[in-house]
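Shared between the two complexes below is subunit A, which has subunit B as its partner in the first and subunit C in the second.
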Partner chain A sequence: MSKVLMTGSEAAALGAKLSKIEVLSYYPITPAFPAMERLSKYIEDGELNCKFIRAESDHSALAAVLGASLAGARSYTVTNSQGLLYMTEVAYHVAGLRQSVVMGVANRALSAPHSRFPEHGDAVSQGANGWIQIFSENNQDILDNTIQAFRIAEELRTPVMVNYEGYIQSHTQEEVEAPSAEKVAAFLPLKRMPVMDINNPQGVNTVTSPDFYMDYKFRQNEALEKALTVIPQVSEDYKKEFGRDSRGLLEAYRMEDVEHAIVAMGSIVSTARLLVDNLRSQGKKIGLVKLRVWRPFPGKELYENLKNVKYVTVLDKNIVFGVGGALATDIKAAFYGRTEMVINSCIIGLGGAKSGVAEIKQAVDSTEDCSESKNSSVWIGL
Partner chain B sequence: MAKELPIVPTATPGSLAEISAASSWREYRPEIQEPGKVNPKVLFFCPEGALFHEEGIIAVDLSVCKGCGICAVESDGIVMVPEYTGVLGIFGVKEGSK
Partner chain C sequence: MIDKINLEQLPQEDLFGPGNVGCKGCAAAIAGRQAMKVLRERTMITIPASCMATLGGNNRRTTWKIPFYHTLFECAPAVSSGIRAALEVQGIKNVNVVSWGGDAGSADIGFQALSGAAERNEDIFHVCYDNEMYMNTGGQTGSQTPKTALTSNAFLGKPTNKKNMLAIMEVHGIGYVASASIAFPADLMAKLKKAASRKGFSYIHILAPCFRGWGIPSDQTVEFARRAVYCGLWELYEVEDGIRKRTVEPQLIPVKDYIFPQKRFSKISAEEINRLQQQVDDYYGKVGK
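Now for the complex of A and B:
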């Protein structure tokens, strides 16, 4: 397997190309656009046999991808921030119609005030729309997650968002191991599941009475719950085929005998690893849990990894106004009644605010300072 | 226990839901099962004007009907039946059960 220096956007595009997408649609937005530029070049150079639909809006781009998927094509798009918000209506359609669409999201802060910098607010805004959400720590993750996303989506007939952060990942080069197209094709056989057929026309998404609506939603939720089993299986199969361990739902890093655990997702995980190594060398019993999958929320698996710790510092690169960080809120809900630990929601890195080792250390310290109030929330770096 | 449903909510041909855009809204369609029992005043209750007289008999224009079911409530002789079948059958619902 060859190692190549590439940006996160290029890794996303390569993942989609290796997955042999057949239709993509896109409306330009920063910082997601380089992935689409690269895919468009693959098509122009004859390296990818794919129909590229230039849409007049993000809403239309996802609608085009939805239509292609209903016709049986393996379909893909990328977006971020306001574009993702504009797609929201169609995102619910894609999930409710059980289409195996994969979307790369180069996470960017939401307006207003206007920002072009990274955070997870856009992804978190879609936390109830029925899509599986996977977060990427680095560019290798972006490539691996994109390929696995198609297999997960097609197995569960549920769409998947592959999140990676704007600029920090989308525009930054790292070494990435690129698997061969032949091996990816073997890992990812095309499961064509057309709903629309010109010779057998049928209405899609017709009005559904109260007699059936809840049943459809039950089945949709059932698929998300099944994802908690399917995602680790796909991760294991990927490891067997390509030798890289994506760790299923989450990764426990240096979690042996810890008193204090950091929980995070996305690029900040790498920075937190540095801090954990540093503090461990000073004798502090601290570890890290990298959450790879946020939707469905792996509460049980998280609890198994965190049940014996005294402090949990949750690094939330998002804010749910009036509530706190989305990840910390999910953890508190999943752990309710089962633990005495301090769970500290640390709002960090919003709109590209600095979130380095020093800021994460500040978050860790704040957790140990707040044992009086066990469900605290602090803002780091104001 | 949730009902067995097609994975993708669809309406298949033969279900009449393909006749027009309006009819694709329907989950159920009115079926006049006992014409002699239909109250002619039901014409005034249809919000879409889908009911009409035809040689003294009340009939339904299914290209206009949106399946609201008001007619079946307001008159005897009209029964709402499931509109479409999906890939797994009629959702396990017997025709005329609603």
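Now for the complex of A and C:
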């Protein structure tokens, strides 16, 4: 495999192309649009045999992709921020109907006030919608996660969102190793599961009484729980096939013998690695956990990795108003009653606000300063 | 030209109808049954939130003998666009892909997706069954409610005109637009057959009275659908590749014979009746046969 310079948008588009998507629909939005344009070019150049539906809105784009999936086609869309919010209603339908749709999300802050800069608020707004959510640290992750997403989605009949950050990833080139189309085809055999089938007519989404509804929801949640074992398996298979380790649910970085751990997801993980290396060289016992999968939430696996630390600095590029950072809130809930550690929720980098090594250092320091309260929260860079 | 439909030669078997939980005399169910007589087995249908979406089945039972998907309110034509794309990519041919909305799911909350699919000239067709108010939620006012009609949230009557969906769809530049009525099944079926046989997007708008909303006896839905045509207020026509043709000639009975018996028009003024009558007289006098 050779390395090629490509943007995150190109990595997302290439991942979808290598996965041989059959139906594509999208509605242009910034910063997801370069991935869309790239996919359309693949189709127009004859490099990808895929039907494109030029939807008149984000809502219709996901609806079209849902229709295609129901009729048995491997289907993909990409969007972000307001587009994702507009799709929300359909996103719940896709998950409730157990369709294996994959969606790229070029994470961007939500309006108002208007911002076109990176943040995880859009992804977090979808935290209860039933989709699996994978976060990408770099452009290589975007490609690998997109391919794996189809395998996960089709095995669990559950849709998957592949998150990557606007601009920081969507518009920035990095070296990416692209696997061959043949190998990806072998990794992703097409198994059709049409629900709308002319030879087997069924009524889809009929009126459902409370006992049935509850049962459907139980099974839907069961699939999400099963994802906690399927995702690491797929990651392992991918490693065997392509030689790269996506680390399943999370990656522990320099976590041996640590007192303090940073937990983060998305592009800020790379920045946190720099700080950890830096502080380690000064003798500080600090490590990092990169969360790759946010939905389902791997609380148990996180606890296994963090149970011996004294301080946890959680970097949340999102805010759930009146509650705090979504990731920290989930960690606190998962660790309830099991720990004496300080868990500090650090709201950082909202709407593209600076979130470099210095800001993460500030977050780390604030965690050790606030040992009075084990359940603390700070805003970095106000 | 419209194909002649011989009602006696239609298949006995219904692909929609038996066991549906619509009200007795429900015109939506009548329209669905008539449609399935000609669309037959190789049809996939998407229906957004509406009475029609819910009366075809509960839990694991359904009257639909074709693939049917009860979609979200806004997006049935978009879903159908996706279904058509998936069939094409798999090489599955000779399937009618239909989206079928009420007046809300077509003209109001569903309008954006409908307009988008029409503009893209998707190889699907959309049917609007129009009962002129939001009956699935108890009968509120919508854009298809006629002026002066009383609804559950307009006790003084609707102050504005009914939006002309056929005209709006016609100016999308699509190949086939037609109005229809459940009281003229042969005409309705011929139009559906034509929409199904054509490549590209077609739009059919069926007047389907709701006896509850209109305030008429439940055994009079067909009768009032007929009067709407005969009085000249609901013209049956089609526009095929730009050529407009009236398909049923109205007898032009007095407009008041259609309006007065309906409780929803109980507050209509003499002026408004006169205006409607004048409108019909002018229209048919001007357009002719």
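The criterion applied here is as follows: the second predicted complex is superposed on the first by the 380 of 382 C-alpha atoms of A that agree within 3 Å, B and C clash if a C-alpha of one lies under 4 Å from a C-alpha of the other, contacts with A are read in each partner's own complex, and residues count from 1 in each chain.
The rule is short, and it goes like this: contacts are C-beta pairs under 8 Å (C-beta built on N, C-alpha and C of every residue); 3 or more make two chains touch, one makes a residue touch a chain.
Note that the structure is predicted; figures quoted are calculated from it, not measured.
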Room on subunit A for both subunit B and subunit C (clash or fit): clash
First (subunit B), second (subunit C), both or neither touched by A:Leu315: neither
First, second, both or neither for A:His93, with subunit B first and subunit C second: second
First, second, both or neither for A:Leu288, with subunit B first and subunit C second: neither
Contacts of A:Ile134 with subunit B and subunit C, given as first, second, both or neither: neither
Most subunit A residues touched (candidates subunit B, subunit C): C
Touching partner for A:Asp215 - first (subunit B), second (subunit C), both, neither: first
Which superposed partner A:Ser60 touches (first subunit B, second subunit C, both, neither): second
First (subunit B), second (subunit C), both or neither touched by A:Val160: neither
Which superposed partner A:Ile268 touches (first subunit B, second subunit C, both, neither): neither
Segment of subunit C intruding into subunit B (one of 19-27, 73-81, 109-117 or 127-135): 19-27
Touching both subunit C and subunit B, counted on subunit A across the two superposed complexes: 70, 195, 201-209, 212
Complex contacts: residues of subunit C adjacent to subunit A: 41-42, 44, 46, 54, 56-62, 64-72, 74-75, 78-83, 85-90, 92, 95, 112-113, 115-116, 119-120
Subunit C contact footprint on subunit A (complex, rising order): 22-23, 25, 49-51, 53-57, 59-61, 63-73, 75, 89-90, 93, 192, 194-198, 201-209, 212
Complex interface listing, subunit B residues touching subunit A: 2-3, 5, 7-13, 15, 17-18, 24-28, 67, 83-84, 91, 93, 98
For the subunit A and subunit B complex, residues of the former touching the latter: 70, 96-99, 157, 195, 200-209, 211-212, 214-216, 218-219, 222
